[in-house]
Structure formats: C-alpha cells, structure tokens
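For reference, the structures are reproduced in the following blocks.
Two complexes follow with chain A in common, the first pairing it with chain B and the second with chain C.
And now, the complex of A and B:
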C-alpha cells in the first residue's frame, strides 16, 4: 500500500500494516527531518525491518539530496539475509507501483568466507584462513610478481608461474569503473553475479560500497576501527546508519577496542619476529632498494592521510589519533632492523609482565611509565607501532596474515595503550576466571568506555538509528554511548488477544522464597523449589519449554542437585531434556534434537544460560518455545576485576551508579532471554521470571514496555501453584482458533482503517515519548 | 450450598480471583475478547455455507481415547476421564441417531500402547457398554498417538471406498511416546484419506494440530466441560466427502419386524448373538429378518451376518438424508430500535432485549439464538413450516432399495 506518513509518500509492500509500524515510521520521519540520532524500541515480530526500510528508501526516493545512503548494520549473516529479502520485496513493489525500474543499488557485504567463489579457497572453513589465502592471491606485490613471472616465462625462462585468483584478475581487467547494475543483491545474488561474469564477488561488493544506495553489513564493519578503516571510511556524510538488534552495542564497541594477550601468543610473536629478521637479511642481499624506499616513506610521514582527513573525506579512525598524522615516524623505528629490535624488546617486556603471582591492575599511564623505566621505550614510537608494522608487512611482501596475527595484535595494543590515557585499564591476572587453579597468566587491555569506538560514527553521519526489541531503560544508552538523540521512543505491541503471559514467581508451594541471590542460591530448598516449578510448568505446557540459568556454573550445580532429588526423573516423564554446553558443536546438536522432539509431539525442555549462544541468537517461535523460565537474575560476575574497573569508570565519567548499571544489564539480558519465545503476533508464550527480586520496582520498571504492559499486579508475587493455574487457563484460551479476521481493525490495519480519524488518535496516544 | 456441591470442592478447583472478573475492556484484549471469539466461532460453524457439498453419510469413525495419567487431572469435573466418558456417551447416542448407517469403534491408548476396545459396529448400546466399562479402568503411563493411529488405519483401510474414514482423538496428555516417526504415519493417513480430528483437553499440542491440518480434520481445544461437549457434538454432522470418494450404488435391505406376539414364527436365536454367550432370556420369536436370506437380527442398522446386505429401516435412511438437504441458515439481524416487544417464534421469549437475533429467510420469523441453534443442530426442520414427508416409504415396503451414496 502507499502511505502518507506526515506528508511523505511511503511505499509499503504489504496489504496490511500494524498500527505500531505506522507510529514507528512517523517517529523515524521526524528524526530524519531533524537530521539527528534516534533510539527506538519496538518488540520483535512487529516488522521493524520493513518499517525502517520502507520509510528510509521512500525518503531517499523523494528527497535524494538529503539522504544519499542507507547503511544497515545487523548482527548475523541470517539476519542480513532477512533484511535483503525484505528489501528485494520492497524494490519489486516500488517498481510495480511506479511502473519503471528503480535506480536503487542495494547489497549485502560480508566476509570473504561468505562470498568467495575461488574453487580452492572457498573450501576453507575458517574465516581467517580464507582471508589470508585470498590475501596471498590478490595482494599488489603478489600480482606484480606474477606479472614478472609471466613475462619471464614469455622470454623462455623456466620460472614457476605465481598463482593468482582469476576472478580478481578479471575484475581488475574490466577496470575500476565497472559498476553494479541497479538492483538488490543478497549474498547469493552476488555470488551468482560473480560467477556469471567471472568477477570476484567480495571485491565487487567492496567497490560497490561507494556507489550503492543501501548497504547491509555487520556491526564490525563500522565499529571495529581496524575493519572500518579498510571498508567503511569513504561512506558519505549524508548517510543514515541503522543499528538493528542494538541492545548489545556497547559490548561490541568495547570488544572492538580491547586486547587480550597470553603467554602462547607472545611465544608466537617471538617466532614471527625471527622469521621476519631472516626475511630482512634476505632482502638486503637481493633488493636493498626496496628497504630504502620504505625508509623514505617513513620520513615523509603520514602527511597524505592527514590531507584526506582535513577534507573530511574519511571516517576518523580512533586507533589512528590526530597527532600521529601530523608527525613523521620517529627515527628509532624507521629502519626495519631497528623496528624489529624494538618489537623484540616490547615482546620480552610483556613476557616479563606476565610472570605474576597475583593480580596487577594499572592505568595506561602507569604502564607507559613502567615500560620507560624498564626498557627505555618512549611513548611516541609505541604509538606508531601499528602503522609501522603494516608498512613493513607490505614491504616484505608477507602473505600469511593469519600466521602474523599475534604480532599485529601486540602492535595494536602498543598503539592503543600509548594513545589513550583515559577510558582504558590494564589488568594482569595469573589465571582464568573459570579455572582459578590453573596458572595461565593473561594481560587484559580493556576498553571501559563504549563511546570511544562509536564516537566517529555519531559525529560523522547525519542520522544514526539505534533500534531493538529490548532497549529499556531507554535513557541508559545515550548515557553510556555519550550522544544526544533527538527522539527516544518505546512502542508497545497492539494485540487482539493477550498473547504474552509474563509472571513473576517469588515462592514455591511451601512458601520458601526463591531467588538466585548469593546467600540463598545453594540452599537445597531453593533449588528444590526451582525444580518443582519446572516440573509443574512442564506438566502444564505443551511442546517446547526453555529455561535460562544465570551461569554455566550455577546450572551445573542445580542440575546435579535435581538429579539427587529425583526431579530429573520427573521431568523426563513429560519431556525430553537437553542442555546447552560451552561447546558450540554439542549445543547445536542438542538444539537440533530439541526441535525434533518438539515437532514430534514428545515435547522437550532446554536448559540454557543467559548470555549464552542460545539466549542471543536462537529464536523459539511458536511450538518451539511455549514457555520460557528465567531462574534468577542474570547479573554479571561482580567479582570480575574488569567489570569493577568499568563500573568505577562509568561512575566517575558518566555519573551512573554501579547498581543501576548492573541492574540495567541484568534486566536487558533477562528480557532478551524471555523475548526469545515471542516472535510475532500469531505466536504466544509464557514468560516466567522466577526470582523474588524481579518484583521490586527497580527491576520491574526496567523491563521493556511491551512486557510491562502485560505484567499486571496480579501476575506478580505468585507461588508455583498459582502460576501453573493461571498458565493452564491461559493456554486453553490461546488454543482457540485465531484468524486474521480477528486481528483486523485492532492489531492489523488496512489502508482505510489506518486513515480513519479514530485510529490515528489511538496511535498518537499509545506512543510514549521520553526525551 | 447446593451450588457449591455441583462445582465440587473449593480446594479442587483452580484459584478463582473473583475480583479480577471485574475488568475494564477498553483495551479490547482481555477475557471477554476470547469468549467473544468462541461465540462467534459457534455461529460461524452454523452458518458455514455448504450448499452443494457431497457429504459422506456412511461414516466409519474410530474414537481414540487417551487413557494416560493426564486423564486423572481434575480440571474437568470430577476427572477428565469421567467427564469425557459422559460426554462421549451422549455423543455416541447422537451420532447413531443422526448417522444411522454409520459405524463407530473405540481405541484406547495408555502406557505407550494402544488397543481396540470396541470394534467398528453399528450398535450404540454395545459401544456405550464399552465406554461405561472404561470408567473403572486405570489410567497409567503416557499415550502413544502413533500406535493408536496405526491401529485405526489398519482397520479403516479395509473399509469400502464409498464410505468415509474418520478418526476422532480426545487427547489429554501433552506428550506422546512413539516407537517411530509419527510424521510417516501422518503421511500414510493422508494417502489412505483418513480424516483425523483432534480435541485437546489441556493445551495446543503442535503435532495434533499438524495431524488435523494434514488430514483435513478439525482441531480444537476445550475451555471447560460445556465447551468440550460443544466441540464433541460438532463431530456429529457428517464431514464433506473427500473428492476421491467413489460414488456407488449400494443395496440396502429393509427387513420386516416380527414381534414375538403377533407372528407364529419359530423360536430361534438371532445372528448377532449366535457366537457369543446365549442371551439370558433364551431364544425368541421376534426380530428382523433379512429380506434376502431370512437370517434373523435383533437390531437395526446392521450388516447382515450371512449375506452381507446392509439392513436398516426407512426412518434411518430418511434421517440421514437431512444432511443432504440442510435447513438454510438464518440471517443475523440487528435489534430493531424501539418498537413493540418481540418474541421468539419458537419459545416465545422476549428477544428485543437480546444481542443477537436470527431471522428465517423463508418465512421472516424471528428466533432467539438458542432456538436458532436448537433448530439447526437437533430439529433440522423449521418450526413454522410443516415437515416434508419422505418419499421412500413405498420402496421400503417392497423390501430392498438401491441407494446412491
């Protein structure tokens, strides 16, 4: 249908629309008009993706000068594929409506692993290996060498031909100007396109980033400074950036700026260095001029890069701070041998630092002072480490990047530690958290400030949209990401029937309070009551039931107690039991069998862990998850020093109290877990929060609005038996026939219904503004 | 007090938070909305337009009864099992009343097994006898849907292709314990054109809904006992015939009835009781004699034990035929504003105060909803119109008749 959203003609490729979709578009339009950033929360399964795409694409068509590009960031490859599917549908619809071909180019960009069509390289399973093998076939000097070998072969010399990638060569031959035809390209379409023309799909996609109107890719391409530098730096300023499923965005930001170094890596670094030394000695005999060239470049400095940044052509790279650009590379690391010696000293120093018996925590400044005292390394050369290493790898024509990764990591660490004095901490622990008795020292260089990585994105692009099903409490994100949105809104779900049933269970049948708080979590009475709750729910709920525990450790101890108490036997009478483990392969096998058990009517229970793989990436729609139980509140491990450092930093810098942040994080994970069961309006599911502490208003009010709305007072503070009775009655009601007809006019609208005065008023009332 | 006793003890019933019954309904998404859905579904069923659908009026139906542990739950009073059996008794009566030339059998599944309790047969008394016996049988273990379906299929497979093959499952358990892949069984049921309908007693179980969808049956879950009765009774009406079903002429015998008083016939046993233990009252003179082979049967309708002729009486056939010429559904009319008080044409209750009013399309009489349902579901003849006579009396008097099904 064609909608009129606040004066803008919006193409919407479906015949029916949810009222909240319309409100969502309305808010989005306001934000785009104001050219500001937005935070929007809307429950999953209500068509966020298509609302976003419809509005922004229509906006682009109508006002092509104001928005030139849409950058859509998603988390996983399947999610990217879903976005492309919707986009293709939208494109077809627009073409049908306007009667002419659109000029839109939309495409998915993903790693080489997902796009490679080289017959051998694409067979590799690991992403890193594919990357490095591709690099070995397509790097500039490899191709130059291949060209030399070719001419040599032409002259009659017996030189071996150097292997290159034919697809890349053909793409190069067709010239840099080869552009993608208008259309929407998913990953498979790109591969198909590549095969047809004999072009490398990965590089076609990379080059098309400039030209495309819509780009869909993973967060990391924009947030991880190392990748953003390569991929996204030339995206124009008048773009709209969308982060979908963005509830974890602060963690992604932090991870992209953090480095972990352990002993094994340092050993490999030493190997890398000695290999490079040999290579340099070799090169000196054969081709000394090349080293001289490089030296000259070092002297000239990075003036080029600075020129570009001044012209505002590039996305700023937080790893490469402004000062670096203005200076030349310091003298003591200009020549290759000196630099290698320098690296050697650095690695030895780190090895020495790792020899600890107790935990050490210090600031980057303290670290720099120490390194200066011990091995006389100044701050300045450290800062150039990463740049210098990249240049050297280029000069030495090394192709095996996967092998060099530890050294690259150490160089990144050196640059980061010498650049940022605030927002980072260094912690050296003698052993891992999980295995406290095994001596395995690790150096954590942790970013504490999630705003650092995302700052250039907010500063550069016109509008950034952060959206997800679970962003509550909404005011936290602007604080921790340090930006000022023009619109913050939460949308609820309009429903024709009460299809979610959130309940807070606080006590067992014997009135024992259930809670996972530290003092009582090992109490057998609490564990027994958790078990009884699960058994009772399993008897009343059909098909799939998913339980989330707060940690693997807690799950193990509870399950073993349940075994002793005979609860496991009782469970197995009704449903089969599956458990998520830390092993990814084992977990996916368990999931597969879980699904089969649900489909066959045997029924299944899945025990899994909040923050685990299941809680983040797996959907349990319809019969796969009729009930989700959250045993306890999934707080982070509060004794962790990294967390403590971050809390301290947040308190000092952003005035966020420790408890507020911890609760915010725990509740967003809990709602993420229970939200797994609800994937659309025809779906229905029970959500049980089994902990007394959920009842307190500081937790309850932090739940997403669409859950809170259904969490009436009568659903809080229930005992096991009450909860089971309520669910039984509710399940019967939900099983009654429910058709589209029943939804129409309430939660599903036709164009006429949407335009009616009454509905417009209703929608206006439902939106809750929070600015 | 009297009311309390009817509902059972307080502690057996679920927690009833009576204060919650008072609810705002502005949001349009609370209890009443679901109740409304159910009421609308009921009427929709009645109004389902099927003017020229062929119906399978010769039905072969297996009732599959879950007798697992879950049947002992007391959310239906006194227990699910006894409640179901009571309702099924009524259903069997009604079934044979409305579909006299059909057959019905019972399969019970418990303890991961399934067994035939009562073979397909046309005698309601026998079936009800078996049902009554079940009420004292223990309910143990888990049910096996697959075993029960296989058992039903193996028996229905041999039925002639002009008769409908149906299974009606009453399922209380939320799990099924099967020896193999139930999806294969469902596929084979589809192939055999066996229509499976399921009524769940607790909640929506995915596999049962899938089963019903795949085989063209109906799926429903009961809210309480009266709803369960409604759902079960909905299966009294014959389903539309499946497209593949052959149209065939079958020979039907109309035996004459000898009562013991007026006929001088010899003392004899009837064919039905020949193989079993002798009836306590001994041989008698009365019974129905097959017009083809003169073997005696004590009850109709039945397939003759000797020559296999379908025996029935003319009223049986006439009753089956009302499915083919159903009463037109009544229109739903708006309550006329103001005006004189109006009364239902059948029960004379005032209807201008009610929400839903029905109007007969032919004679423009007004009816209340209850009478509307009664007329369509039970009477099949409109009150104001005199019933039409059946034209089969003459042929029936001659002995046999070819009837197209």
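And now, the complex of A and C:
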C-alpha cells in the first residue's frame, strides 16, 4: 500500500499494517527531517525492519538530495539476509507501483569467507584463513610478481607461474567501470553475479559501497576502527545509519577497541620477528633497492600511494588523529632493522610484564612511563607502530596474514596504548576467570568508554538510528554512548488479545522466598522451589518451555541438586530435557533436537543461560516457546576487575552509579531472554520472572514498556501455585482459534482503516514515552 | 601449548655455565652484565669472587658489581637496553631543539644506528669516535637537558598525578560514605530504643514505623567542591612545569590620550591665579598656617575655588535656550 506519512509518500509492500509501524515511521520521519540521531524501541515481531526500510527508501526516492545512502547494520549473517529479503520485496513493490525500474542499488557486504567463489580458497572454514589466502592471491606485489613470472615464462625461462585469483584478475581487467547494475543483491545473488561474469564478488561488493544506495552489513564494518577505516571511510556524510538489534551496542564498541595478549601469542610474535629478520637479511642481498625504496618513503613521510589500493588494505591501523597520520614516521623506527629491534624489545617487555603472580592494574600513562623506564621506548614510535608494521609487511611481501596476526595485534596494542591516556585500563591477571587455578597470565587492554568507538559515527553521519526490541531504560544509551538524540521513543504493541503474560514469582508453595542473590542461591530450599516451579509449569504448559539461568556455573549446580532431589525425573515424565553448554556444536545439536521434540508434540524443556548463544540469537516463536522462565537476575560477575574498572569510569565520567548500570545491564539481558518467546502478534507466551528482587520498582520500571504494560500489580508477588493457576486459565483462552478477522481494526489495519480520522488521532497519542 | 614443551618461560632458563635450570633449582637467578651473557647467581659468586674477572663466553673483562638480575628472557635485549641507556644519557636532545621535524627524525635515526652498531659490534671503533665527538661538541646542551628532564615524562607524570588524586578522592569519599552510614544506623537504633523506653504506645507499631523510616535511604550528600588544582593561567598548583602554551599578551586597545575638559561655567570667568594677589582677593581669606602649608595647601587654592563657585551659574537662566 501507499501511505502518506506526514506528507511523505511511503511505499509499504504489504496489504496490512500494524498501527505501531505507522507511529514508528512518523517518528522516524521527524528525526530524518531534523537530521538528528534517534533511539527507538519497538517490540520484536512487529515489523521494525520493513518500517525502517520503507520509510527511508521512500524518503530517498522523494528527496534524493537530502539522504543519499542508507547504511543498515545488523549483527549476524542470517539477520542480514532477512533484511535483504525485505528490501527485495520492497523494491519489487515500488517497481510494480511506479511501473518502471528503480535505480536503487542495494547489497549485503560480508567477509571474504561468505563471499569467496575461488574453488580452493572458499573451501576453507576459518574466516582468518580465507582472508589470508585471498590476500596471498590478490595483493599488489603478488600480482606484480605473477606478471613478471608470466613474461619470464613467455621468454622461455621456465620460471614457476605465481598463482593468482582468476576472478580478481578478471575484475581488474574489466577496469574501474565494472560496477553493479541496479538491483538488490543478497550474498547469494552477489556470488551468482560474480560467477556469471567471472568477477570476485567480494571486491565487487567492496567497490560498490561507494556507489550503492543501500548497504547492509555487520556492526564491525562501522564500529571497529581497524575495519571501518578500510571499508567505510568513503561513505558520504548525508547517509542514514541504522543499528538494528542495538541493545548490546556498547559492548560491541568496547570489544572493538580492546586487546588481550597472552603468553602464547607473544611466543608466536618472537617467532614472527625472527622470521622477518631472516627475510630482511635475505632481501638485503637480493633486492636491496626495495628496502631502500621503503626507507625513502618513510623519510618523506608520504603515506604510501600503494596503500590506497583497496586489495592491499587487509591491515589498517587503529584510529589515529589525522595530524599524526600526516606526519612522518619517527626516525628511530625508520629502517627495517631498527624497527624489528624495536618490536623485539616491545615483545620482550610484554613477556616480562606477563610474569606476574597477582593481579596488576595500571593506567595507560603508568604503562607508558614504565615502558620508558624499562626499555627506553618513547611514546611517539609506539604510536606509529601499527602503521610501520603494515608498511614492513608490504615491503617484505609477506602473505601469510593468519600467521602474523599476533604481531599485528601487539602493534595495534602499542598504537592504542600510546594514543589514548583516558578511557582505557590495563589489567594483567595471572590466570583466566574461568580456570582460576591454572597459571595462564593474560594482559587485558580494555576500553572502558563505549563512546570512543562510536563517536566518529555520530559525528560524521547525518542521522543515526539506534533501534531494538529491548532498549529500556532508554535514557541510558545516550549517556553511555555520549550523544544527543533528537527523538527517544518507546512503542508498545497493540494487541487484539492479551497474548503476553508476564508474572513475577517471588515465593514457592512453602512460602520460601526465591531469589538468586548470592547469600541464598545455594540454599537447597530455594533450588527445590525453583525446581517445583518448573515442574508445575511444565505440567500446565504445552509444547516448548525455555529456562534461563544466570550463569553456566549456577545452572550446573542447580541441575545437579535437582537430580538429587528427583526433580529431573519428574520433569522427564512430562517433557524431554535439553541443556545449553559452552560448546557451540553441542548446543546447536541440543537446539535441533529441542525443536524436533516440540514439532512432533512431545514437548521439551531447554535449560540455557542468559548472555549465552541461545539468549541472543535464537527465536522461539509459537509452540517452540510457550513459556520462558528467568531464574534469578542475570547480573554480571561483579568481582571481575574489568567490570570494576568500567563501573568506576562510568561513575567518574558520566555520573552513572554502579548499581544503576549493573541493574540496567541485568534487566536488559533478562528482557532479551524473555523476549525470545514473543515473535509476532499471533504468537503468545508466558514470561516468568522468578526472583523476589524483580518486584522492586528499580528493576520493574527498567523492563521494556511493552512488557511493563501487561505486568499488572496483581501479577507481581505470586507464589508458584498462583502462577500456575493464572497460566492455566490464560492458556485456555489463548488456545481459542484466532484469525486475521479478530485483529483487523485493532492491531492490524487496512489502508482505509489507517486513514480514518479516529485512527489518526489514536496514532498521535500512541507515542507514549518521550523524553 | 605444545605437549612436552615447558608451560612456563621461567623454566626454560638455563645457566650456560653450570647448566642449572629453573626447574631444578627454583631459586636460581640469572644475572647479566654489560656483555649480555647470562650467568646464574652461584656462578657469579664463584667466578667473580675477587670482584672482577672475564666473561666465560666472550672473555670481556667484567666487574662483579656490574651484574644485575636478568629482566628479559632474551639476554640480547638486556644488552641492548644497557647500551641504549648509556647512549641516551648523552644523546638527550629534544624535539624542540630542532628546526624541523625532518632534522629531528634524522637525529633519532643516527642515534638508533649508533646503538645498533654497538649492540651488534659493527664498526665499534668508528662509532665510539663519533660518540666522543658528539660529547665534545654538545657538552653544554647535554648537561642542560639532563637537568631539565624530558617533556614527555613530565606530561605522563602530570597525568599520573591527576589519576592518583582522583583515586585518593574516591577512596576518601567511599570512607566518608561508610562512616556516615554507620553513624546513621547507630543513631536510628538509639532513637528506636529511646522511643520504646519513653513512649506508652504499642511497641509493635513503633517498631513498624521505625523499620519503615529505615527504608528510604541515601540522602545524597552534596559533593564537596573540587579542590582547585590550577591557577587561572593554567599552571598547576605545585607543578613545576610551565604550560606548553606561552602566555598570550592580551589586546589592550588604543593608548589613552588626554584632552583637557571643557568647562561650562555659565558665568563670568574667575580671575586667574596671578590676579588673585594683585587684585587683593587674598587679603579677604584666612591666612595659611605652617601646619597647612606643610600639607601642600596654599591660600590661592582656597581662594580660587571660592571665586569659581561664587561665579559659576551666575548667568544661567532656566528656560533660556543655551
């Protein structure tokens, strides 16, 4: 249908629309008009993606000068594929409506691993290996060598031909004008397109970034400074950036700027260095001119012209202020030997730092001072370390990037530590958190400020949209990401029937308070009551039931107690039992069987962990998840040094109290977990929060609005028995047949209904929560 | 980790002379001297019992008090740093002393080459000559720079100092908060007991009212104003270093030019000071005593003032347009 959103003609490829989708578009339009940033929360399963795409694409069509590009960031490859499906549908709809071909170019960009069509390289399983093998076939100097070998072979020298990638070569041959035709390309379409023409799909996609109207890729392409500089540097300012499923965006930001180094990596670094030393000695004898050439470039301080060549940009340095990039490399690491010597000292120093018996915490300034005192290294050469290493690798024509990765990481660390004196901390721990008794020292260089990585994005692009199903409490995100949105809104779900049943269970049948707080979590009475709650719910609820625990350790201890108490046997009378483990393969097998058990009516229980794989990426729609139980509040491990340092930083810089942040984080994960059961308006599910602490207002009010709305006061202090009674009654109502007719006019609208006066008024009132 | 390989780099350390390893003797310490060849502590005691001797590996004469514990796994790095320290004591020019960045970078490279040559034993004689020459030429600036310290280090020190202050502040706040909490608790308990003792009401109600009062906690104490750490000019209080930016002279505007004010008397001009005594005005005024003259007062001043006051405004007619 064609909608009129605040004076803008919007193409919407479906015949029906949810009222909240329309409100969402209204707010989005306002934000785009104001050229500001937005934070929007809308429950999952209400069509966020298509609303976003429809509005922004229509906006682009009508006012092509104001918005030139849409950059849509999602988390995983399946999510990216879903976005492209919707986009293709939208494109077809627009073409049908206007009767002519659109000039839109939309594509997915992903790693080489997902796009490679080279017969051998694409067989590799690990992304890093694919990257490095691809680099070994397409780097500028490899191709130059291949060309030399070719001419030599032509002369009858019989030199071995140097392997290159035929797809890349053909793309190069067809020149710069080898561009994508208008259309929407998913990853498979790109591969198909590449095979047809014999072009490398990865580089086709990379080149198309500048020309395309819609780009869909993963967060890292924009947030990770190492990748962003290569991939996203030339995206124009008048773009709209969308971060979908952005409830974890602060952690992504932090991870992209953090480095951890352990002893094994340092050993490999030493090996890398000695290999490079040999290589240099070799090169000096055979091709001294090349080294001299590099040296001259260093002296002149020109950024390597070759570096602009995109296929060489496998390694880029972490963020540096621009004026430093213009400067020449400091004299004491200019020549190759001196630089290797420098790296050697650095690696030895790090090895020495790793020899600890207790935890050491230090600020970057302290680290820099110590590094000068111990090995006489200044700040400036450290800052140029990453840049210098990149140049060196290119000069030495090393192609095995996977092998060199530890050294590259160390160089990134050096650059980061000398660039930022604020917002980072260095923690050296003698052993892992998971295995506290095994001596395995690790140096964590940890970013504490999530706003650092995302700052360039906010500054550069006209509008940035942060959206997800669970962003509550909304005001936290602008604080921790340090930006000023023009619109912050939360939308609720309009429902034709009360299909969410959130309940807070605070006590068992024997009136024992249930809680996962530290003092009582090992109490057998609490564990027994958790068990009884599960058994009773399992008896009442059909099909799939999913439980979330606060940690793997807690889940293990609870399950073993349940086994002793005979609860497991009781459970198995009703449903099959599956458990998530830390092993990804095991977990996916368990999931597969869980789904099978639900499909064939046997019913199943899945025990999993908040923050685990299941809680983040797996949807349990319809019968796969009729009931979700959250056992306890999933707080972070508060004894972790890294977390403590971050909390302190948040308090000092952003005036966020420790407890506020911890609760915010715990509740967002809890709501993420329970949100797994609701994936649409025809779906229905029970959400049980089994912890006394949930009923406190500081936790309750932090839940997303669409859950809070249904969480009446009468549902907030239930015992197991009451909860089961309520669910039985509710399930009986929900099991009645439910057709589209029941929804129409309330939670689903046709064009006429949408345009009616009454509905328009309602729509304006719907935006309930605005700051 | 490779099976069979050692899991601890400390255990790899072996004394090259007596072949003792860290594994066999956990208290073994490897020592190095200027030549960069390690020896375990026992061997050092044995070989250098007289205070000096030669390195068993390279026959370089060494002194016993030159030995120190090996910090790094690679003894070559140890030697490198030894030499580097020595050289950098002399070659301590800073970036500010060079006209261009290019010159500074060239200087840095020269220094690095000298160190590299010394470490790897390339052209040692020529290099040493070069060092001597440099020392002779730059004797003054070496001493000066040594006294001045490095700018970069100062910057780092400053950051560290600020961090320390912040940490102390935080610790103090935390302690204050804890104490206040404790005090509060004790006070409340006392209040409850007092009330139970003195009041005739229902004991249960009193207890209930007190527990309710206890709930809403945390009246956040107003944050004390941060201690001033800088003068308004940007110089740190107690800091020694001048700010990196020189003080910019303020724009003071045009210099002041005196213009004699125009007096509007609206009356006949008063007689000037010469005519005062000539026309006998002065005879009508009080004589000036010694004490008044000492203060700089003269009869003519008072007289003139009185005459001016008397004549001013004589010809002023309100309503008439002036």
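Operating definition for what follows: the second predicted complex is superposed on the first by the 750 of 771 C-alpha atoms of A that agree within 3 Å, B and C clash if a C-alpha of one lies under 4 Å from a C-alpha of the other, contacts with A are read in each partner's own complex, and residues count from 1 in each chain.
Throughout what follows, contacts are C-beta pairs under 8 Å (C-beta built on N, C-alpha and C of every residue); 3 or more make two chains touch, one makes a residue touch a chain.
Predicted model, so just to flag it, every value in this text is computed and none were measured.
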| item | value |
| --- | --- |
| Touching partner for A:599 - first (chain B), second (chain C), both, neither | first |
| Which of chain B and chain C A:543 touches, first, second, both or neither | first |
| Touching partner for A:742 - first (chain B), second (chain C), both, neither | first |
| Touching partner for A:409 - first (chain B), second (chain C), both, neither | neither |
| Which superposed partner A:759 touches (first chain B, second chain C, both, neither) | neither |
| Partner chain in contact with A:152 - chain B first, chain C second, else both or neither | neither |
| Which of chain B and chain C A:622 touches, first, second, both or neither | first |
| Touching both chain B and chain C, residues of chain A | none |
| Complex contacts: residues of chain C adjacent to chain A | 1, 7-10, 71-74, 77, 80-81, 84-85, 88, 101-102, 104-113, 116, 152-153, 156-157, 159-160, 163, 166, 170 |
| Contacting residues of chain B [partner chain A, same complex] | 14-15, 17, 20, 28-31, 33-34, 37-38, 41, 75, 142, 145, 174-178, 181-183, 200, 202-208, 220-223 |
| Complex contacts: residues of chain A adjacent to chain B | 495-498, 539-543, 573-575, 598-603, 622-623, 626, 714, 721-722, 725, 728-729, 731-738, 742, 746 |
| Chain C contact footprint on chain A (complex, rising order) | 263-264, 270, 299, 301, 327-335, 337-338, 341, 344-345, 348-349, 351-352, 355, 363, 365-366, 368-369, 372, 374-376, 378-379, 421, 439, 648, 652 |
